[in-house]
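Structures given as C-alpha cells follow.
Shared chain: chain A. Partners: chain B in the first complex, chain C in the second.
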Partner chain A sequence: MRQALAMLLPVTLALVACQREERDTRPQSALGSGEQPTPVTTLEPGGQRPSPTDNKAASFEANAFHMSEGKRLFSWFNCSGCHANGGGGMGPALMDEKWLYGSSIESIHATIRDGRPNGMPSFGQKIPDDQIWELAAYVRALGGNAPSSAAPQRNDGMMVHPSENRLPDAATLGKSP
Partner chain B sequence: MKGRLHPAQARVDAGQGARVLAIWNCLRTFILSVMLLACGPFLSGASEPPSAAAIAPPAAAAPPDDGQWAMPAKNYASTRFSELTEINEGNVKNLQVAFTFSTGVNKGQEAAPLVVGNIMYIVTPFPNIVYALDLSRPGAPMKWKYEPNPEPAAQGVACCDVVNRGAAFADGRIFFNTLDGHTIALDANTGKPIWNAHIGNINIGETITMAPLVVKGKVLVGNSGGEMGVRGWVKALDAGDGHLVWTAYGTGPDKDVLIGPDFKPHYDMDKGTDLGVTTWPPEAWKIGGGNMWGWISYDPDSNLIFHGTGNPGPWNPDLRPGDNKWTSGIFARDPDTGAAKWFYQWSPHDLHDYDGINEQILLDMTWQGKPRKVLVRPERNGYLYILDRTTGEVLSATAYGPVNSSKGVDLKTGRLIANPDKKTGTGKVVRDICPTASGLKDWQPSAFSPRTGLLYIPHNNLCMDEEGVEVNYIAGTPYVGMNVRMIPGPGGNRGAFTAWDVAAAKPAWVLKENFPVWSGTVVTAGDVVFYGTMEGWFKAVSARTGHLLWQFKTSSGIIGQPITYRGPDGHQYVAILSGVGGWAGAIVSGDLDPRDATAALGFVNAMKDLKNATTAGGTLYVFRLP
Partner chain C sequence: MTFALCVLLLQGCAGWQSALDPKGPAAGELAWLIWFFTALCAVVWVLVMIALVAPLVMRSRPGDEPLLLDEAAERRKMRVVAFAVGLTAIILIGLTLLSFFANRTLAAIGSEAALTIRVTGHQWWWEVRYEDATPSRILTTANEIHIPAGEPVRLLLTSTDVIHSFWIPSLAGKLDLIPGHMNVLDIKADKPGVYRGQCAEFCGAQHANMGTFIIAEPRPKFDAWLNDQLQPAGAPASGEAKAGADLFLKRPCVMCHRIGGTPAGGTVAPDLTHIASRKTLAAGTLTMSRGNLAAWIADPQGIKPGSHMPVADLNGDELNAIVAYLEGLK
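Our next item is the complex of A and B:
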C-alpha cells in the first residue's frame, strides 16, 4: 500500500504538472472570418456596455504553447518589421502600456484581422484565424499582460530585450505594492 | 585597422588646432574690423576670398545669388552656399527671432523652407500640408495653405518616420510629394492645385519622402521603400501637366533601367548586359530595392543629372548573393530621356544598409595638376568620394570618420574592399560594425563654401551589432531580415560636424555633438555655418574655425535644413524648421520603447535618452539682426 502510494504521488504530481494548460491538437485553420464584431472604443453613450468576450479568447490567452507559437509567427509574418521586437518602429511600441485600439486579446485580434486606419494593415486574408489569436496572445505577453508562468522564456537570437516572462506585470506597473 | 581609423586621430589634432585658430581668428577679426572701420571705403578688397577658393561650383549650376531659396539644395550644384553677407562672423551673435510659425504636425521636420519673392513655402511631414507665408507683412501671416489629405494608411509603410524633405519652386509653381505617392503642382501665388500625379502604391510599400527637383521642365521624383522590398525608380513628370515622361528603375533589365548605347561606365564591374537581373538570385530584383529617396544634382553644361540608388533588399545579404545592381550606387542620366550615361556602385552587394542616395556637390577643381569636373559625395559607407562627373571615375575615397566595415576603396577596380570580419549573414551576430545602417552620414545634406574650400558635413558617429534572420516577402510589409542595435561610436559622441578640406582630403576641424547631427547645414559668404542639434540648439559657427558664434534653443530637436534669404525689407534672414523625428528621432516622434534594443531598426538603442532631452513639435524659426 505504502509502495503504491509512493508510486502514486509522483505520477499524480506529473499529471498535475501536465495540466498547466490545455489546447486543441487540431486547431481550426480557416482564415479570420470576423464572426464577432469587436468595438474599437470603450466609449458607450449612456454607460458601460459589457466588455466583449470571444469564446476563443480564453483558450488562447495565457496559454504557453500558443504564446510561443505567436512569438515565432511574430517574425514570420513580418510583425517584427514594423513593431521591432516590441519596441516599435514604423508601427507603435507594443511593450508599453499605451494601447491605441484596446489592450484586450479581442481588440488585438481585431486589430490584426481587420487592420486600423493609421497604418496597421489588415491580415484577415493572409493569416489563419487561430494564428491571429496566437499572435494576439503573444502581443499581450510583450506588454507584460500574460502570466510569467506562461509567457515565452527566452529569445533564440541576439538579446534584444529581457524575455517576455521577465517583463514587469502590467497590472501592477506604476502602482505601490 | 589603425590606418582606417586615422580620421578619429585627426579629429583630436584638429580639435586642438581649432582652439588656437579660434583665438587667432577672434583677434584677426577684431583687428580687421578696426582697420575696416578706420579706412572704410579704401579697403573694399580686404575681404577677398583666400587662395583656397580655387575650388568652385560650375557657374551654370550655381548662378549668382538672387537672395531667394527656390530649391532645398539652393542650386543645381547643391552647394547650399549663400552669397549674402549681412550676417557675418562678427555680428551673428546678435541674431534674434524675427517670427515663428507652428506647422501643427508633431513628426520629424526634415524639410527646407523655400523663399521666392515675398513668400515663404513650407511642406510638413505627413499629412504633407503646404503653407505659404507672406514675408512682406508683419509677423509673416499665412497667405494660403493646401492640404492634400494623403491616405492615413501610408503612415504604416513609411520606414523611418513620416518625413518630407521639401518642395521645389519653378515657373510660378510649387512642386511637392506626398507620403502616399502623389506628386502635386500648386499655383505658387494662390495655392490652387494645377495637377496631381499618383505615381506610388502604398499597398506594395511605396512612399515618397524626397524633395523633387525641376530640371528643364521636368519634375524628377523617386520612391522610398527599400525596407519593404519595393523596386526603386526615378520618374520624370512634365512640369506643365504632370504626365509621365520617363521612368528609370533601380533594378531589372537594361531597358527598365534605361541603359542603352550611351551607357559607358568607367569600371569593368559595371559593364555587361542586364546586370540588374543577372547579379541577383532569380526574380529577386523585382523586390530588390535600389530606391531613390535622396538628392539629385544637375550639370547644365554636360546636360546630366546625378542621383544615387538606395540599399538592396532585404538587408540580410545571404538572401541575395551577387552585386545586386544597380543598388547602392550613383547614376548620371540625360534629364530629357532618362538614358543612363555612367554608373558607379559605392557598395556592391551591400552588407549593412548603406543606401547610396546622399547629396552630390558639383565642383570644378584642380586634381593632381589638371582641371577636373568632379562631384563630391560624403557617402553613407563612410568615405568621402571625389568622382569625375563626366566619366564616373573615382579620383579619391577617404574615410571621414571611423570606418571598420570596409578597408578602403580599390581605385583600380573602383571596388569597396569589404572587411570579412564584419560580414553579416543569417544566424550570425556581428558586433561593433562602424558605421551603422544609418551610415557615417545619412540623408542630412552638407554645404560647400568656395570661400574656404571646405565641405561642411553634418553626420553620425555610431556603430552597431547585426544579426541576420530569415524573412518572408509579404507585399506591403517590411522586408529587412536583420536585427540591429546601435551604440555610440568611438569617443562616445553620437554625432559630429566635420569641415572637410576638399583639396587636401582631410578634416580642417571637427565639432563633437552628443546626438547625431541629423540636420542639414547652410554656409554663407559671411563665413558663418548654421546647423541644428537634436536637443534643439540652432548653432552658428565660424566657417573657418568652427568656433561657436551663436546658438538659440528651439522648442524641439532640429533635423531640418536651414536656409538663408534676403527678405522684402532687403535684410538677410535665416530660417529653420524645428521638430524632432526622422529615423534618429523616431523614439520621440513615434513614442517608441527603449527597452527593445532593436526598435526603429536598432536606432533606438543609441538614442535611449532622447526622450529626456526633447519632445516632438514642428515650429518654424526665422532669425534676423536687430
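Our next item is the complex of A and C:
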C-alpha cells in the first residue's frame, strides 16, 4: 500500500507539470464585447484607473500567450509605422513611463479601440475585441508593466531593444526624472 | 489470403497523394529506389533467416573429441563468412551508388526551369509567389500552385515562423521550409492533373490542416490562368456584394488580407484577389463554396482552432454581404 502511494506521488507531480495556461482563441460571445465608456482624460477621482473595469482585463493582463499574440499583431498591424517598436516616432513612445491616457490595460484598450486626438486612429471596427486586448497587454509589457515570467522573450531576428521580459520593471526602474 | 491483403493495402497507395504512384521524374526515381531497396533487402533478409534456421534444423552430431579442431570444416566456415562479408560490402556500396545516381537525376531536373515560384510556409497555410523579371507580372496567391505540365519548375522554399516541410508525394521528395533560409526544390509533372501535398514537419496545432495542391495544366491553359490571376479583383456585381466590398475595408478583414485593385493590402494572410477561383479554403481544410466561406468567416476557431484567423465581430447581414463579395472574386 505504502509502495503504491510512493509510486503515485511522482506520477502526480509529473502530471501537475502538464498544467498549462489556458489558450482561449474562440470568444464566447462575438457581439457586445468591449462596450465600456471611453475615458477621454487621465483625470480620474483619486488618479485611479478608468472605471468600470472590464472583466476581460484580468484574463489578458498577465497572460503569456495573449502577450505573445499581441507582439505578433503589433508587427502585423504595423503599429511600428508610428510607434517604431515602442521607441516612438510619429506616435508617442510606448516603452517609457509617460502615459498620456493612463497605463492601465483598460486605458490602452480604449486608446486602440476608439483612437485618441492628434493621430491615433480608431481600430474598434477593424480589430476584433480580443485582439485589441492582446495588443493592449503587449503594449503594457513594452513599458515594463508585465511580469517578466509572462512577457515575451527575445525575437529570432535582431532586436532593437531588450526582449520584453528583460525590460526594466516600470514600478522600480526606468522612470523618467 | 496474405497476397489478397497486400493487394488491398497497396490499393491505398494510389491516388493524388502517394509516393508509390509517381507522376513526375523525381518521384519516379524515388519510387523505383524504394521498390529496389525493399526487394533487395527482402532477399537479404530471407537469406539471413535461412542461414540462421538451417544450423538449428540440421544439427551435426558432436564428434568424439569436442576440443579437436576439424581444420577442413573450419576453413569451409571461414570461406562462407568471408563470402557473406564481401557480398554485404558489395550490396551496400551498390545501394549507395544507386542513391547517388538517383540524386544526380533529381538535381538535374530543374537545371532548365523557366518558372520560379517562391513558396513561403506560414502557420498554417502556404504563400505562393510567382517570380518574374517584370514587377507587374509577379503574382502572389495561396495554397494552390499551378504549374505547366511537362516543364521543370523551380520552387524556392522558406518560412516566416517555424520549420515546415513541403511534400508533394506524387511529384517529389520532401524538403524543409526553414525561417531565414532558402531551400531549392525542382519539380516536374509529366501529365496534367491535381496532386495533393501536405506539410510534413510538425509545425503546431493545425499542422494536419496545412495542405496544398499542385495543379499541372497544359502550357496554354497555365498561361491563361496566370494572366487571369494577374488581373485586379473584379468589381462587385450585386448590391449585396458591393456592400460586402465596403465592409471588407471597414471590418477586420482588411487588417491582414490583400485584394488586388482595392485599398486592402495586408500581406500577413492569404491573398484573396481571386479566392473564389481556388478549390479549397484554409489550406485544404474546406472545399470552396458559399456555405463554407460563411462558416469559415463566422467561426474559424471552431473549424481550425488556434489558427491566426480571428473571430470577427460580424452580424448576419455583414457576414452575408462579405461572403457575397468574396464568392464573386473569381
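Just so it is clear, the second predicted complex is superposed on the first by the 131 of 177 C-alpha atoms of A that agree within 3 Å, B and C clash if a C-alpha of one lies under 4 Å from a C-alpha of the other, contacts with A are read in each partner's own complex, and residues count from 1 in each chain.
Definition applied: a residue touches a chain if its C-beta (ideal position, glycine included) is under 8 Å from a C-beta of that chain, and two chains touch if they have at least 3 such contacts.
Everything quoted here is computed from the prediction, not taken from an experiment.
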State whether A:G81 touches chain B only (first), chain C only (second), both chains, or neither.
-> first
Once the structures are superposed on A, label A:A171 by its partner contacts, choosing first (chain B), second (chain C), both or neither.
-> neither
Mind working out whether A:M159 is in touch with chain B, chain C, both or neither, as first, second, both or neither?
-> first
Is A:G89 touching the first partner chain B, the second partner chain C, both, or neither of them?
-> first
Considering only the touch criterion stated at the top, classify A:P121 as touching first (chain B), second (chain C), both, or neither.
-> first
Looking at the overlay, what does A:A4 touch: chain B (first), chain C (second), both, or neither?
-> neither
Looking at the overlay, does A:Q131 come into contact with chain B only (first), chain C only (second), both, or neither?
-> second
Footprint overlap on chain A, comparing chain B with chain C | 76-77, 126, 157
So in the complex, which bits of chain B are touching chain A?
-> 152-160, 227, 427, 429, 465, 467, 469-472, 474, 476-480, 483, 485, 586, 590-601, 604
Using the touch definition up top, name the residues of chain A that touch chain C in the complex.
-> 23, 25-27, 30-31, 33, 72, 76-77, 125-131, 156-157
In the complex of these two chains, what residues of chain C are touching chain A?
-> 179-180, 250-252, 254-256, 266, 268, 299, 301-302, 305-306, 308, 310-315
In their shared complex, at which residues does chain A touch chain B?
-> 75-78, 80-82, 84-93, 95-96, 98, 115, 117-121, 126, 157-162
